[in-house]
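Each of the next two complexes has chain A plus one other chain: chain B in the first, chain C in the second.
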Partner chain A sequence: MYAELNSILNASPDNCKQGEFTLISDRKADASFLVHHFLSFYLRAGCKVCFLGLAQSFSHYSAVAQRLGVSLTQAKEKGQLVFYEGLKDCLGVLLREGSTHESPTLDFLRPHCSDLKGLYDFVSSSVARVGDAAGTGPWAPPVLLVDDLSVLLSLGVSAGAVLDFTHYCKATICTELQGNMVTLIRCEEEEEEQGDEQGSDVLLKGLIHQCSLALQVQGLLTGYCKHIHGEVEVWWRGVANGMQMQKKVLQYKVHDKGAVFFARGTSSVVL
Partner chain B sequence: PSIVASHERVAFSVPSYFTTNSVHYSGRCLLKSYIRAALKRDEVVHVLGFEVSEEETRGDLDGSCAERLLFHDGYKDPLGWRKSASFTAHQFNSQDLTRILRQTQQPKAPVLVIDSLSWLLRHHDPVAICRSLQELRRGGAVRTIVGLLHSDLHNTSTVDCVSHLATAVVTLAPTSQGPLAVAKTTKRTKSGKVTQDEELFSIQGDLTVTIHRTVSQAGKKQTEQESSEADPTANLTFNLRLSDTEREAKEKVSLPFVFSQEKKSALLHKGQRSGRILYVPDANDDFDQEDPDDDLDV
Partner chain C sequence: MAAPMKNTSAPAGLSFNSTSFQKKSRSKLVSIPGTRPSVQNGQLLVSTGVTSLDYVIGGGLAVGTLLLIEEDRYDSYSRMLLKYFLAEGVVCGHELFVASAWDHPDEILQELPAPILDDVASVTSMEDQAQSCDPDNPESMKIAWRYQNLPKVQTALASSARFGHYYDVSKTMDADILQRSKIHMFFLPEEAHSETGALSPMTEAYASLLKSIHGVIHKEGFDGATPQSKVRNIMRLGLHSLGSTLWGDDLCCREKPTHGHALTTFLYALRGLLRSSLTVAMVTIPSHLIQNRAVMGRITRLSDTAIALESFRGSDRETNPLYKDYHGLLHVRQVPHLNCLVCEVPDSKDLAFKLKRKQFTIERLHLPPDLSDTVSRVSKVDLAAGCGSIATGNKHLDF
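The block that comes next holds the complex of A and B.
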């Protein structure tokens, strides 16, 4: 959890907003530090967290969270965290195709199914089990984190199906249960071949239309820099009170145990 | 002047009306202010909500307006995954829609607001949607159809296809000056005349729309606009035009190779004044007529 980012987003673990859909996207940079931030943030805030880990294994997230001062193993034991090991399970389904004992969660990998209903059912059932672990008290509100949605595209799911999935998650978690949702999507570099790029482009635009806060991480246009790792564009898209969107661009540097954010051109090494 | 007034005019005279927008500017605000304006003048408004929940749609409206709004919920369960659907994507055809719109016994033909067409286009063939919209319009069950379209989510052919169906298309784009945005309106009358308008507007907290400036006047022909846009002599570093004195000076100059009176007399009276070569041969000059090159040692 990065205190600096919290003050930028005007949020704290004691007072987290509800019904927010945050989209993190990256281009020519790695935005996974923001996923780690939100994971530790919501665990500290006492939310029930459902994490779809499609890009990395549990031990990876656990190791990073340890550095940020949160124990994922404990959270899992307490029932606060539901971690879905998508990385391992996908492989399992692909290797043991045709076996009788199958969970419907990864139905989209099977030939007869093209939507993500199975994955949605998993999410809704895991966030609905609020406070069923005896004696631990209810965890509220629920939070869904996905790292990352582009993996689904690579696994052959269409952009439309992914958008349906996020739509359902938003309707259930953000609107009905007043929880929050954070998803990561990786964009391809611009000079990619047409056919493939279109999918991720449509997905990104569709998600930007759905989300209420977009964090767009981008590498520096001038290339690699040791002291400035990239730029984050914070984009509030809520249209409440007739206010249109607001934007703010910051540069960042990721440290071992945190990240610093500063206005463009005000890095300590530049000044 | 307030756009709400002009909105009314548009809504009364046209059967369908679409708003397009892109990632950078959301048309939902304008859609909401349209809903509010329609409710304020006692119209029956049906909203097919796919992208925004019922609470959010009603949220910005004041009490009596919010009550009269008829919301068909396609947001919670549009594909029937949760088996609690009230309106699904499959129901988007003219028969089902007409049935739903006629459920409420109202003397007036209602206004149908679709939020958004982009969502529908993801699940249906564009042709099928266009047909349903056309049938609805012909069927007389609705007075006006208003749809929101995120134009950047579709390819241009789909956007064009839907836009051709509409009698008015409002395309929104952000400006660099904060809350202001540009609305480009293309209206098509029954006679086939197309008018274009460009306005700078902003939307207040209570969903009223204020027009700040009309960028181009109504009724301006598109050809005119295009020719003025494509003027290559607009920003040149040199001068292409002549002033009167410059033109006079230019006309005074006589061109070479023009046989004027002066030249003629100069040619006729040559002699004294023209240059001559005087050659006095030297004593050493051994000029041999037969071999003029013999001093060259060839």
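The block that comes next holds the complex of A and C.
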């Protein structure tokens, strides 16, 4: 959880907004530091978190969260965090061909299934357990975190299927359960051709339309710099709170325990 | 700093829940030969065989990660890097797995460069050592008798504990050194074709390669399935020229390939295998043949460390005086940050490489100072003409 980012977004763990769909996208930069921020933020806020960690292993997220002051193993044991590790489970599907499948979550890797219904069923079952009276404790509204959606595109899922998935998740989590959603999508460096239906740019446009807050991370236009890692454009899209379509651009630098954000041209290296 | 290693002795109740990144609170260091913990985040690193490449990617290759090399146009330097990687594995005593669809892995292994060892003397076996400690040995020292009972200097062949070695490219590795290490091979034309049909987005070739790698890892116990009674070791995977048409993949032929997601699915599954075992992989890909640049971006993001080689051979840069000291450019596409938010970021991204006989050097590309030729030439002409010419007249027209 980065304190500066909280003040920029006007969010705090004590009263986090509800029904928000936050989209994080990057181009020529790595925006995964924002995923770690939101993970520790929502765990501190006491929300029930369902995390689809498709890009890295559990120990990576756990080690980074440790530096940010949150323990993922404890949260998992308490039942606050439901963690899905994509790297581990895909081997079960891809190596055991022909035998009957146990878990339908990664059904899209099987040849005759092209939608993400199995993944959606997993998500809805994990967040639906919020209302359990027995022992799990009163968690705040559920949160879904996806890291990241472009892995699904690399595994052969079409952009339309991913948009269907996010639409269903938004309807269930943000509208019905008044929870929040955060997804990361990583885009290509060069602009893709116009006729490319499966590209990440098509998916990005669709997701921006669906989301209520977009954080677009880009590398610096002038090239590589050791002290300024890139730019973040914060775009408030929702019409709630009276903030209509406001945009703000900041530069950032990631360090060991967090990230610092500053206005363009005011980095400590420059001044 | 506690180096993260796997639990050396898992208690009976716990199942072996492992990735090689698991941090331990107690620093029970199990030293595997040829590895060292990283100074940045305690990750276990192995050397790629080229010390300057180790420096460029942040100290070494972390165990459990994937190094992607985009091949240069004629696959000369990327193949050299693959051979360095495998040679380093042999010298450190790691197990090897070599997969290729073009040359037989035996041919690649015959070409490994010979390591430059510190001591030119022959290998001393354990029996010789025991004999030298015998006080009645006629070779007992008379002057330096205090050093009598110390062991003799060993050459580096007995499982070197050093990190990073140097190799002589003009010689090939001796066959007896090669035989000491366990090598698994996968040669695609020799593999049995299973007629199961397409059960996953991967092509048949990638699926059988994945199965073979998984089988070897499981059988040799690198994923901790069998209790490790013997000394722990690392396995190095060298996969040559994935994505080329010989693997049954038309990624390099067409702009809209039919198996567009075969290679990316394979890399994802491979990384899943690597994360849960003590293995390191180096994959070379002929990226200059891939026409769809978006796919290259996805492949880069699916691997951990990614570098690209661009050699000057055959291009007009070969004769460019700016590049005369180097054989090509090296682009670092991606450096991973594992278990931490940020990695050590390099100062400059303009790197060039040169393959010398004893070293593969990677240096920052310096532009030479701009000394234009006309400046020096005019002064020389003045001096020469001053001796024999008459006072007036244009010097350049004197003849």
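Simple rule for what comes next: the second predicted complex is superposed on the first by the 251 of 271 C-alpha atoms of A that agree within 3 Å, B and C clash if a C-alpha of one lies under 4 Å from a C-alpha of the other, contacts with A are read in each partner's own complex, and residues count from 1 in each chain.
By our rule, a contact is a pair of C-beta atoms (placed from the backbone, for glycine too) under 8 Å apart; a residue touches a chain by one contact, two chains touch by 3 or more.
Owing to the predicted nature of the structure, the values given are computational and were not obtained by experimental measurement.
The superposition on chain A brings chain B alongside chain C with room for both. In the superposed model, A:Pro13 lies in contact with neither chain B nor chain C. Contact with chain B, but none with chain C, is seen for A:Arg237 once the two complexes are overlaid on the shared chain. Shared-chain residue A:Arg67: touches chain C; no touch with chain B.
Of the two partner chains placed around the shared chain by superposition, neither chain B nor chain C is touched by A:Gly46. By the touch criterion defined above, A:His255 lies against chain C but remains apart from chain B after alignment on the C-alpha atoms of chain A.
Shared-chain residue A:Gly79: touches no atom of chain B or chain C.
For the pair chain B and chain C, the least inter-chain C-alpha distance in the overlaid model is 18 Å. In the superposition on the C-alpha atoms of chain A, no part of chain A is touched by chain B in one complex and by chain C in the other. Residues of chain A that touch chain B in their complex: 115, 117, 120-121, 124, 160, 163-164, 167-168, 171-172, 175-176, 202, 205-206, 208-210, 237, 239-245. For chain A in complex with chain C, the residues that touch the partner chain are 30, 33, 36, 57-60, 63-64, 67, 86-88, 90-91, 93-95, 97-98, 109-111, 150-151, 153-156, 186, 188-190, 192, 196, 198-200, 224, 226, 229, 254-259. Partner chain A is touched in their complex by these residues of chain C: 19, 21-23, 196, 198-202, 207, 210-211, 214, 260-261, 264-265, 268-269, 271-273, 275-276, 293-294, 297-298, 301-302, 337-342, 345-347, 349. Interface residues of chain B facing chain A in the complex, by the touch rule stated above, are 23-26, 28-29, 33, 51, 53, 55-56, 59-60, 75-79, 81-82, 118, 122-123, 150, 152-153, 174, 178-179, 181, 203-207.
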